[in-house]
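To start, the structure itself, in structure tokens.
Chain nomenclature is as follows: A, B and C, assigned in order of appearance, with residue numbering initiated at 1 for each chain independently.
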Amino acid sequence: MSARTSLLGIGDLSPDDIARILGTAERFGAVMERDIKKVPTLRGRTVVNLFLEPSTRTSTSFELAAKRLSADVVSIRGSGTSMEKGETLKDTILTLEAYGPDVFVIRHPQVGACALAGRYTDAAVINAGDGAGEHPTQALLDLYTVQHEVGSPDGLHIAIVGDVLHSRVARSGLRAFRMMGARVTVVAPPTLVPRHLGEAFGVEVSSDIRDIADADVVYVLRMQLERMGEGGFVPSLEEYARMYQVNHARLRPGQRVMHAGPVNRGVEISGAVVDGSDALIEAQAANGLVVRMAVLYDVLAGAASEPGTGDMALEAA
Amino acid sequence: MSARTSLLGIGDLSPDDIARILGTAERFGAVMERDIKKVPTLRGRTVVNLFLEPSTRTSTSFELAAKRLSADVVSIRGSGTSMEKGETLKDTILTLEAYGPDVFVIRHPQVGACALAGRYTDAAVINAGDGAGEHPTQALLDLYTVQHEVGSPDGLHIAIVGDVLHSRVARSGLRAFRMMGARVTVVAPPTLVPRHLGEAFGVEVSSDIRDIADADVVYVLRMQLERMGEGGFVPSLEEYARMYQVNHARLRPGQRVMHAGPVNRGVEISGAVVDGSDALIEAQAANGLVVRMAVLYDVLAGAASEPGTGDMALEAA
Amino acid sequence: MSARTSLLGIGDLSPDDIARILGTAERFGAVMERDIKKVPTLRGRTVVNLFLEPSTRTSTSFELAAKRLSADVVSIRGSGTSMEKGETLKDTILTLEAYGPDVFVIRHPQVGACALAGRYTDAAVINAGDGAGEHPTQALLDLYTVQHEVGSPDGLHIAIVGDVLHSRVARSGLRAFRMMGARVTVVAPPTLVPRHLGEAFGVEVSSDIRDIADADVVYVLRMQLERMGEGGFVPSLEEYARMYQVNHARLRPGQRVMHAGPVNRGVEISGAVVDGSDALIEAQAANGLVVRMAVLYDVLAGAASEPGTGDMALEAA
């Protein structure tokens, strides 16, 4: 990546880019073991977090990642913004761009919003989730987690279970896992799988939950309750849980379980699995912080004017 | 207290603990007299403010206390969080815990929520109000205020007037005042006093506002208007005000008046008393800041790895 | 201005004050050209942003201005505050004042709220918009923009088009432009012009959009859609747009166009004009940041206790 490269989707990255970012994340991970977790790497830089959909974990981890790197952060949330007064995303970005930020981190309910935003700013844009589009930092932290907790994704078998149709987590994750050489099986009700998914991504598709049996890792997707209303993608949550819930009756010991959160205990996953020793959910959260530090560093790396920035400046701030 | 001790209720503290914290607050109070009010004491530490009920004064004073100590602060408010998507408090805490914060400051509408949170994190947890449970930093700042503005609480007579039943301020305050040797009289309509309060806390209970006459300090509780609806604890606000409002007709000069805010002028207290020279309300707010600085310092004190932290590092940051 | 002077309206400033502030903004503007845009000028100072109306650009630019000056910022927004529990502005200010802030930046839906707030604090108060009252930092950034992009306002002809009646932007702008020697023509439907505006401010008033023809700068006011309801100041938005929309058919090349944002594309201004090369809208946003840095510096200048603060401390922070 060159100076101020944006990260809009996993397709923006080559396997080498991914390896470099995860390597940077390793180094920040070592910093997070220290008592003082702050480094001066991005001192004087400004990160604008523009979150136009509710979020806790992604917004908090980006905010904390930026602060741990000593950047200044301004967080703007959907409510109380001028966008409520009818301003377009374009005009919001043009205004914020005028303040000279270094990075925009954007979550938006519509697919393509981050790419659109990128047309109106010289700052790097990081897609923190655009509707049912992509969520590339989630895919990176998932790769990092698999690599740390299970082993190289190359040749691993990963089952992704649930609402792939509406899931940006699945969309970015599928691409990333495939790019790094994993075998992927999607397990979901047919109504929740995009047409031609198998051919497009080179993945197997099944509607039978028993097909997770062979997987090294079972990645459970959140059942987005708000999407289940009138549309009727599934008959009912109870029915969905009966057919597809990932629980101990369906797992064998040692199968690792991932979930991007927030979890619906008792719907797509049982509480016992969430709390069990095979779950990687907390590792995902912890890795989210260091991977987002690495992404912030990476998109700005070439723009470094301070010697301390170029060499990551990992002494305590 | 040892390293990263939580503060869930006043009962967690001995009189010695209280004296130590108030002594620390004195030292920070001296810093607040300076033109530059910031010290490097908690540089590199992370404080997560998780406020799941509306709050201005408590959330602002904790945020400012952390910033004056040079800590990084991430503030999460109820709206716009994943908890709105049905996530449990447990899962929210587990996620945030993964980011390695040093302290959680939590306000939550349910009694016991902070204690529950403490089971899922290694960070210190400070209870900033849990439903009708406790609000220990309020009690500490009230003690500090009495000590500064009136004198040692030992032997003082403090009247607490109003809705004790629903008040975490009263619950923590009663314990703290009693622990430090004050005589306490509760004055309230019988419907707003918990059964067996008198025996449980060693306090006198009266339903006659004239019984404040003998008190050195009259502590007025907020009439929580939102609790007065259908339940009908009092016939009407007008009736409550007629019977129990603390106003100049019921006070003698020199009786000091406290209120944790926000005040309902004209309901539980008259505007003239709020603005009068015997009111300690602004002193309470000011002391809230230094007492919260002291509590943040105290829960982290043993965890210090930097020499500067251990000795409070009171030079300007 | 002396130490901790407030800025409640443009009338608080003399032409000399304005020249000094804009000169300070020039110097901060040079800092913003650097890669590291942060300076230590207000380190250790505390800015409280109290925004009780929705805002993105003003609140963000004040927050970022304070952070670029190394001040600590606490941002309080309308929702989730104690004011929702019925607390008066007076009591909110008294509480926040107790924390010893250096500056309050206040936006409030009622005229005069900032002046009222100023009665209860020793901190400087900056009016960031009080109802249909004033918005002095907008006027300063508009002057700065005219000076930079067009030339000295002295003798320029500025047309202000739209809802002057409800506009604090117009109210402060008119005063500022007139004070600096500009000729001002207001163009608006008669229902949207305050009575006696012409005499009071020494401006020309017209209801014919063709009267912008002679202007060097056309300043377009936002049509506040929320004000157009039952009251019926204009028959309909379509009718307003047909009569008063500023678009290329009504402008000549080289006429510069300003708008304080957020814009309603296709209502008071055409999208083509917003995006055109004669628009100064992005320059206004960028200048807003440096002018607000200058105002924060100016209201605190006399209070400086650090040598570094007094001389603006423009080395990188």
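Please note the rule applied: contacts are C-beta pairs under 8 Å (C-beta built on N, C-alpha and C of every residue); 3 or more make two chains touch, one makes a residue touch a chain.
It should be emphasised that the depicted structure is a prediction, and the values quoted were computed from it without experimental measurement.
Touch-path distance (fewest steps) from chain A to chain C is 1.
Two copies of one chain, chain B and chain C, form a contact in which under half of the residue numbers belong to both partners.
Work out the mean CA point of chain B and of chain C, and you get 38 Å between them. Taken residue by residue, chain C touches two or more other chains at 79, whereas all remaining positions touch fewer. Here chain C touches chain A in the complex through residues 32, 35-38, 51, 54-57, 60-61, 63-64, 67-68, 77-79, 225-226, 261-265, 274, 281-286, 288-289, 316-317, going by the rule given at the top. Taken together, the chain A residues at the contact with chain C in this complex read 43-46, 48, 72, 74, 76, 79-88, 91-92, 94-100, 303, 305-306.
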